[in-house]
């Protein structure tokens, strides 16, 4: 009789046995291998790996399950932003020392087979805000279903695209010194900004004890140490020189990251898995947010930071990014809607490009909020066209036209039946 | 307390619950949902699906586990080619009738998490043969390990590439009429070809009872029916007008196939999953053969064969094929090594292009058999350059140079240290 | 006897007979078909075309020949920025009216056969400035030679890349109303900005009579009209809502632009041809600047601005952009070198990404100024990674590694011989 | 006064002054720098170049002007195939010796500005024939007009694509020894093939004095030498081990060819410029044939043939090939229309794939002959899918769907109005 797989193998079935698993039926604070949601050098490592190990890490979605697969945006409106982002790690890398470069191969990224969906949210202007929340102040939500490599949404119809799946957050723990620089400069910003902001409820999020989750270190076990870290630990929203929440869509399947190391053992953490995202992630909760897995291997370049003059991460993107031939490119300049001229302001220029795209796609029967979500979630390219032609910066937003099931080019736009059902976003009930 | 995933979802977790599972610890003939290895309209369907269903199918490797993850090629030498290819299915598609086109979306393809490896074999000239078995007559084997999207081999070192993963075989069951045409024309060929062949042990494989596996239909249950099908059922090696073993590497993730339907319910079968393959699959067992899963959805174009003038499959390739910028392109013409001129013979021209590539890559320290395997397994492009310039066809083989960890361009070839360890293929022990 | 080309053709040999020719041996103000260097609705059209016409337009380089193909940067240091950009046009398009969209096909773009070279300049901080002129305040220059599709430079060695050739400037004339908005808002900015700037000598360039070149309208012919336009005409440096100097590198061969029309006849002008440019064009005179030709055809969408909700140009990029597989991606966040935190400042984030790239490439033996030029001129991708993760924007700069003749990946960087001759930029003599 | 271009340049304006010019108003036999249409080591060189020279070569179309830009196919029907292909050269490369590899950079390729059109012909079965001339025996012609990078045809409407422009022929002169091997083996084939062929009027074209054009060597000057070469010189139709008429579409802009050298000075010749071509060039005169220019530079690898184990050309394709995302892939197997089974016959399999594509595209209102021309001329990919699955080879033809101005995917095919005017090919008048 034939016996299947007479194996003499040394191959590691890392894919079948994740080094860190998550249980989506448990709270993020009650996972068997604890998660964390602050950056601090003293959060204890949960696992240890060696150079060239290949291993799988699972992650919960960034909110730790606060957002449901349903048709109400109440959960988005009321999201608790002190309880984010839930990260897997810290992972100790044997032999890594401050000043080294940790070479991380992102061998694969994907959703968990038991949870083939994700969400894109527009935050309420008073709780989170976003790039355009002065115009679109109300919480909304789109749920995306995954079928193999593709995402579709019942809330934004006639669109389908392949995931450029990536971890929104990856980075090593900061040193004490680096952490205090972060806290200082961000507090300085808060202190400087006494006016209110058009789009965001705050200017930065300083450390806060409330909502802190510190991995293996439990409040019950060491209250003073816990409080010390919780009151110092950097919040996870901004990307910083260690990487962190860069939300770079191209750290995708098959890419390689070179990450600075600041503490012994490197203490690598990651999470905030995105099925897809457009450059800028403009709706803030704008990627297709999901739980997922990342397959990794690690290596070390000793003293790499000085030898390679690297002070923040370097990335080599992978070979299987979805590549599109046909784009429609929108432009924006640094003049606002009231015709006020700003000086080489790329942020404003990109905002104007986004608004051009929203205005245009509305022609095809989408609501403005639907387009706002779509530009956040789909693989759009956001580029800095020119940044020296004083006083205007010019930014572009390039939309791959093949993600639509109909033709969005201008010649077709004049003929479109705008009464087609494009679905609608989930709204709040209150 | 926060509860993870308050779901109100209707999303189908097809990925977590395959419609057809395989158990790699059981023989291919003893799977819970039976497999089959012949094409015949009367092999009973094992499952039924409806239009727009999304589902996962698992498959064993084409040999049903005859080849092991080890360092001996004895299993390749002695492979039983009557016991192939083990296919998953037939899958009944409700509402499909002869003359329809079955639209099959290949939503994703990948290895099974518990079996992250594959093999490439050179068949013994006397048992299988291959494109170059007159020159390389002995069985050899390379094992490939998968790390996320990448494959590497301890038997062919300094090469790494992303999988262009695909099912080598997909197709609907033939009608009785089509099946008898197949059997007749292939037997005619066997009858015509009385000479022996340089490369292959036979010219075609007619139906054979030995080794037949007919899915739900067990010999014990209905001996006469079993014998009837086993003696008529077409062998699975050749691609035919229904598709079948086309080994087209581009039927990969995200692609769409339009398949002719010949029987009620379509009776779709698939298998022979390849992690990667070069155009031509020249070593015969030349792809990176593995067990794996395929995520599918199906739709029907009624009367599509006549309405669309389609008599054999049409494919729309997917959007995430690995794309390379840098190729080295070898040429071949239809003149053999003894300077004999053939007339527009593309098969010979491609053979000569393969030999040019082998001769060249040998410079870098690989054995000829290693290159033979590599050209079979890596994502090489095999093209028909010109097919009208009498008397010579010209074919090309384009090798992506970025799959090597060193520079294979000619300027570097003159400086290479040929004593570098490139590994060696598994050989036979006898 | 055989006669070549017995033609019965209606094909237009537009390529052999440009509609606007330039003579590089004449001053830009003395061309047979006059050029202009201001935006104003009353600058007279020089030629007239109809819908679907295919025609070639030649352009001088943006400075009108102020910069020479030599090894001194004195000309860059002393460039007269009132005498720019010399544009070809205005071209009247029959039937175009305010509110229409002019559809412009950029059928081809290239250098003039008699002038196969271009230049990249770093402006002196006191005359022009640039993105990094606080760090690199001195004028420098690199000359590029073109060989077919490729550029190389004696001033920046070991780099070669294919041109993503494009007109830096294309747009229709503004209406009087739009022009006065431009002038007003830019003057407002100048009035607001009373401090001096780190990088630029001025904040904006208001209209100025000196240096004005107004096409067919000569000072001698109508002094009052000439003075009126010269004192009102908008300067050409900033991109504005009509397009203009957008410096979008992807308006390249085979692309299509949809341009708003503000005056009867559209009055299309173009110029500032770039053999290649990186996103941002960071050195200001940073593209590979050259004289060249553009092949065009035009069409009109009547009332397109309102029907398509288009207030600024839309672009469909062309199909033959050089595509690279291998990039090295640098990151920057909106924290300056003194660790001061800015709020979602994409301009600063991109600057920091540029500085990371400069620091890194210096490892390989280039001077910082050489890299500054290279990042301006080569086809780098400048992207907005995230623009919502308060307080940090994250921008990326992706460098195609295949443009170098050596391996710039980090693993190689630790082994590089830094004494290799990479050439040096042309400097000033004084 | 400003003087344009104060040049101190050493840049070579090769583009303005071709090393070999052609005059399209003169017969191919009366060009100032003579052309030739046979391969022979004793045809004298017309120019000489050195390593690293950059130079432009102009070429007439392959027929030397026999085919006109008009609406009759009479010229195709009556083409004189003894008077082809008119090649530019031989070019002597100083320092090249037998056994060397000539490295040729194809820096650019394009049409002549004065002749922006090309033709695709179906040969009459009795004069030339072609891949499908048993089915389409009559001469037809399509004229293509070039607008920048794009081609369109009044004879095949609603199609537009960017040129993948290339020389169909490039190669060095054979040695006497190699030439006699060519003549011997091709004559042997003619001797063996006593039956008539379905598609071609002959099996090979032996040397023939009639129509010979031998460059600088004029009949009048040395009758005996002329006759010797004319009766020995190899015809130019087949590609051979020196390269020659390979018709590989990817030897395009920016590519590099490594060519074997057989005689002192290499004696490089080239011609048969194609604006575009599909893999296989199936209609024989199937590319978009044109006159044009090629920009080249050359280098030498001494003893490269043995050092690099190169016996026929190697190519590195260039970086600006048009890349398409969306293909429709047709399949063919080696079974003919009468259901006769052939053994691994890739030529037949590709033929069947072509017929599948023709049958399908006919749905959209094209004639079969129009599709036959289109598949020859457009950038289709012809691949060898599998070449080992006995007895069937499987070849694929992948058609980029974005070259059509309408949607050719199957879902659209069922709704198409077949009465749309797609134009029609030029036919013969007799």
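Think of it as A, B, C and D in the order they're written, each chain with its own count starting at 1.
Heads up, the rule we're going with is that a contact is a pair of C-beta atoms (placed from the backbone, for glycine too) under 8 Å apart; a residue touches a chain by one contact, two chains touch by 3 or more.
Remember, it's a predicted structure, so these values are computed and weren't measured experimentally.
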Chains contacting each of chain A and chain C, listed by label: B, D
Going by average Cα coordinates, which chain is farthest removed from chain A? D
So which one's got more C-beta contacts, A-B or A-D? A-B
Just how far, in Å, is the C-alpha centre of chain D from the one of chain A? 50
CA centre of chain A versus CA centre of chain B: separation in Å? 38
Two or more other chains touching the same residue: where does that happen in chain A? 319, 323-326, 402
Where on chain C is chain B touching in the complex? 323-326, 402
Chain A-facing residues of chain B, complex: 1-9, 11-16, 23-29, 54, 60, 64-66, 68-71, 75, 83, 105-108, 111, 113-117, 145, 147-150, 162, 253-254, 295, 297, 318-324, 402
List the residues on chain C that touch chain A in their complex, please. 101, 103, 130-131, 181, 185-186, 188-189, 193, 200, 202-205, 237-241, 243, 245-250, 258, 279-284, 286, 301, 304, 307-317, 319, 323, 325-333, 335, 339-347, 350, 352, 356, 359-360, 362-363, 381-396, 398, 409-411, 413-414
